[in-house]
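What follows is a set of structures to go through.
First chain A sits with chain B, and in the next complex the same chain sits with chain C.
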Partner chain A sequence: MTTNTYIAGKGWLYRFDPRAKLLLMLLMCVWFFLPVTLLHLALVVALVVLVGAHSTGWHHAWRTVYSISPMLLFMILFMPFNVREGVPLVSIGSFTVITKEGLEQALRLMSRFIGITYVCTLLFATTVMHEVMLTLRWYHLPYKASLVVTLAFTYIPFIADSFSQISESHRLREAEDEQKKKVGQRLKDLVPTLTSALVVALRSIPNLAMSLEMRGFGRQERRTSYHSLDAYHHVCTNFLLACIIPVAFWLASMLF
Partner chain B sequence: MQGNRNALKVAMVSVLTAVVVVFTMVVRIPTARGYLNLCDVAICFIAFTFGPWSAFIAAGLGTALADLISGYAQWAPISFVVHGVEGLLVALIVQKKGDATVSVGRKVLAAFICIATVSLGYFALSALFISTVSVAAAEIPGNIAQSAVGFALGLVVSAAVKRAYPPVSSLTW
Partner chain C sequence: MINALSIEDLSFTYQSWTEKENEPLFRALSLALPAGSKTLLLAPFNKGKTTLAKIICGVCPKYFPGELQGDINLYGKSLSDLDPWDLLPVCTYVSQNPQEQFVATSVEEEIAFPLESMGMERETMHARIEEAITQWGLQDLRTSSEQELSGGERKRVLLATMQAIDASFWLLDEAFDDLDQHWRDQLKHLIATKDKTVLVLASRYLREFDDLFDQVLLLDEGDIASGDRSTLISRFAHLCGDDLPSPLETEHIQPSQKRILSCKSLQAERSRVSTTKSKQFTLEVPDFQLRSGELVTLVGPNGSGKSSFSRLLCGLDTPIAGQITIDGEPFRDKQLSKRVGYLFQSPDLQIFLPTVAEELSWSLKRRSDLSKSEIESRIATCAELFSLDLEDTPTTMSYPLRKALQAAVYYLLDRPFYILDELDSALTYQSTLSIIAHLRRNGAGILLITHDRQFADKVAQRSYTIKEGRLIAV
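Take a look at the complex of A and B:
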């Protein structure tokens, strides 16, 4: 099971300060909801995808859009039929199937959805996870909360591996082919596997608590951290850019 | 002593969060219309076994992290709210004092609240922030099936884990 969302690269997005990048992500998400024309929205989304793909590669951009394709399909199938008023584009006799407004609304929602998804994905594709955590701490996320997330990421592969091993060993004991079983039987057969996996996971709790105490968790002085965000330069410029980019997009959509 | 208890709480919530992520991402049961994931099994198990606060944090954080890792980052805040509230409400309803057993009526109410929270929560929040009413409505049957199956399995698994690993009862928060 892969829990790493980071894609190694060298583009300007990688050099952008993570704190400013998080702000830029939030501002861009807000921007996609501003009342701009469909053309401007589509152009900004295309530009974001272009810039992102230049940094992380086209394969990543394609994979992101592909992962949301079922939702996009739903939108294009249902939206045009819901909006009945407006200029008819496709009609069968007197019955209007698709209107111009319906199609426009579907395209607007699709563009917005692609934009938000891609912007959020880009942050995690161009920033390593411990820097995301440092960024959140810089924004005053409590230490305990960031510790919980870090520990959870450490334990996910361990629990996933245990689950796979337990699941395989249970499957080897069964004579019947998995594919021939009904969904109800499959769910029933899952109970022993889930129970065993949970017991393995729960047994690690006291050990983890003990190791946290041994490392001084709960003491007044903070633990030493080997990671920092000091390697990023021009922090103020990056923050300024994070604010200017969405404003520039908005002004451009007003003027042109 | 307080430090010990805090370390145990952090350890417990961390491991339970990881359990929710694994159940969401690894276990997928194919159905005619797609896949069912087992996040609700983990959430209901935690709610039955560990109490409201563990359920709220682990359920919300676990599903949000699973969304981030899977590339559905825009769903992460919605999952955090919906599943966090689901865990909290179910745990509050089935919370018991001492060794008393939970009545069937409370379990039925918890099941109803669990299904309603997931299906209506996703419907309302995704219609409001991500997609449209018609697209969000299309997801309701899948969410009802997933949360109903999750609640039933969570109940069974919770009883089985308490039998297989009795010290779990002392970890309630």
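Take a look at the complex of A and C:
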């Protein structure tokens, strides 16, 4: 029910104060919506992925992009058709299929989506969950709300984990003479796996609620914390950096 | 003397989700446990042992709807006036299914969570957590997440949490299962030496129970029976069918083909992503063989790699070196998955569909050679064999019944080889043996992973163990 998202490592992102890291994450998410050129946007996303992959590894970067690939596919397939005004790139007779503007908009949307997703997963991949919780509490988010946020971020990978376990289980139950399946059959087979993953996810909710209550969630007395964020040094420098990095990207996009 | 737990006239019936009304699980059940007593409550398969534990913890019927009547008092306080979180300093429950109890993302956090709920000072928490972690051998796993732990390691985390909370009443549901001999001895020592009220619920009588308890009780027919210990144990054995001849003795195995599953110079490795401190897990299998009709056991300490080896054998993971062959021919990935059935340690990872009938028919429906009536006939026979109700909802079935369903699913697949990962955990010996006999009816080779050495010695034709990352024959 509580799949860990943390990937142990020693890069600078791991040493960065989580409070400043959360601010940096939010500022970067805002940055991706600034009116910059597509090239600048793509370059910043590429740089973020490069820096992040240096800390958490290329496997993590690939998995993040892979997990959102169905959404990316939909964007690239359908977005260009929505924007009909502009310079035609592909036409059938007098009918314009894809315009330059449509393609640009699709690529911009994809870059933003990859950027936001990767920045968010990077926060949870380089920060242990109890530090995320402490950070949210430092920002005066009530304990219950902080718990809900962290549980939500562990619940998504839990569903993904359940999905792979169910796929494995279904794979182990295939008939001996079952032949290699066509794409259509494979898509059809996704339905029971997805349904099962949903059932598992729904079923785990009362179990988690039960376990939380048995572990004292709901008690009236003030909750203490085993960990603290005292181990992080140079907090002010980290906050300054968290502000400088997006501003530096903005200035660079204006200058070059 | 005040009773730690007193139950009077308890009746409970699960809410029915179908038109058929459920039978009451308990009828006017009464129980009194004096403070400081150590009690073993034996309960045959599917008699409501876990439900009773959850009622005592205040989470049933709250999360498992049903009709509850009767009075329950914990240290003189009525349970009806208390919420589950109020019981935290009073009663700790260790579930037979450790996965359902994890709330945090690392071992250390899991132990710290209830202590934080109690508002404990950091220094006190630190002392308790360190003691519990050291005592349960979790030093290298403190940052590991639940997914990175083996079944036995998960159980140790729950026991460490129980020790750190230091409640006055310990409620342990099949707590010895999943643990290897070293940790079983440690739990036994802890129960014997700590001044706690302990109630252990078990569906099998283990030799660790000898001389550990002040009283032994039996849960049967919705009520609790007390009396002479040896009489109760004999009655329990009779109810579990342990006095019947072993199904393995009466079976007539007729392998249609003599097949051999073997591994040579197999190597695998895995690292824990949540820590950079612990060394990489490695497994080496110089030589392993499983023949048709054989029953071979694999025993080894918690976290030694038994489940990892199973995943290799059934093609879910790929080795970094070596080969797996069937009758001398190399097999891998999906080809292997279709020949080696693997019953996971936790049945909940393998059963997902809304009804038993749908679960059993899932694989059969994918076969083009079977008609609808043939499928129906097969699943009906199978359900009868494994004592399952086709209309039952797996999620509301007891843990042993879910295990039986998991086995029934594989029975219908009729694989030439099976790996049974701790099948005996939470099942009676007789149920375990009859499942093995059913799966072996056509001469399948069985690899049984177990922590119960006594049981392994009794049933196995050959045995393997894993020592320091190396699988060897014993």
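One rule holds in what follows: the second predicted complex is superposed on the first by the 172 of 256 C-alpha atoms of A that agree within 3 Å, B and C clash if a C-alpha of one lies under 4 Å from a C-alpha of the other, contacts with A are read in each partner's own complex, and residues count from 1 in each chain.
Convention: contacts are C-beta pairs under 8 Å (C-beta built on N, C-alpha and C of every residue); 3 or more make two chains touch, one makes a residue touch a chain.
These figures come from a predicted structure and were not determined experimentally.
Student: Identify the partner contact of A:Val199: answer first if only chain B is touched, second if only chain C is, both if each is, neither if none is.
Tutor: It touches chain B and chain C both.
Student: Just chain B (first), just chain C (second), both, or neither: which does A:Ser94 touch?
Tutor: neither
Student: Classify the contacts of A:Glu168 with the two partner chains as first (chain B alone), second (chain C alone), both, or neither.
Tutor: In the superposition, A:Glu168 contacts chain C only.
Student: Looking at the overlay, does A:Ser69 come into contact with chain B only (first), chain C only (second), both, or neither?
Tutor: neither
Student: Taking the superposition as given, does A:Ala209 touch the first partner, chain B, the second, chain C, both, or neither?
Tutor: Touch partners of A:Ala209: chain B and chain C.
Student: Quick one: classify A:Val128 as touching chain B (first), chain C (second), both or neither.
Tutor: A:Val128 contacts chain C only, not chain B.
Student: Which partner chains sit in contact with A:Phe78 here, chain B, chain C, both or neither? Use first/second/both/neither.
Tutor: Only chain B; A:Phe78 stays clear of chain C.
Student: Check whether A:Gly9 is in contact with chain B, with chain C, with both or with neither, and answer first, second, both or neither.
Tutor: Second partner only, chain C.
Student: Both chain B and chain C contact which residues of chain A?
Tutor: 1-3, 5, 192, 195-196, 199, 203, 206, 208-210, 212-213, 217-219
Student: In the complex of these two chains, what residues of chain A are touching chain B?
Tutor: Spelled out, the residues of chain A in touch with chain B are 1-3, 5, 29, 63-64, 67-68, 71, 74-75, 78-79, 82, 109, 113, 116-117, 120-121, 123-124, 144, 147-149, 151-153, 155-156, 158-160, 163-164, 183, 186-187, 190-192, 194-199, 201-206, 208-210, 212-213, 217-219.
Student: For a test of understanding, state which residues of chain B touch chain A in their complex under the given definition.
Tutor: So the residues of chain B in touch with chain A come to 2-4, 6-8, 10-15, 17-19, 21-23, 25-27, 29, 31, 38, 41, 45, 57, 61-62, 65, 68-74, 76, 130-132, 134-135, 138, 149, 153, 156-157, 160-161, 164-165, 168, 171.
Student: In their shared complex, at which residues does chain C touch chain A?
Tutor: Residue positions touching the partner: 57, 59, 62-63, 83-88, 93, 99-106, 108-109, 112-122, 125-126, 129, 143, 145-148, 272-277, 314, 316, 334, 337-339, 341-342, 344, 348-350, 352-354, 362-363, 366-367, 395, 409-410, 413, 415.
Student: In their shared complex, at which residues does chain A touch chain C?
Tutor: Where chain A meets chain C, its residues are 1-10, 128-130, 154, 161, 165-166, 168-178, 192, 195-196, 199-200, 203, 206-219, 221-228.
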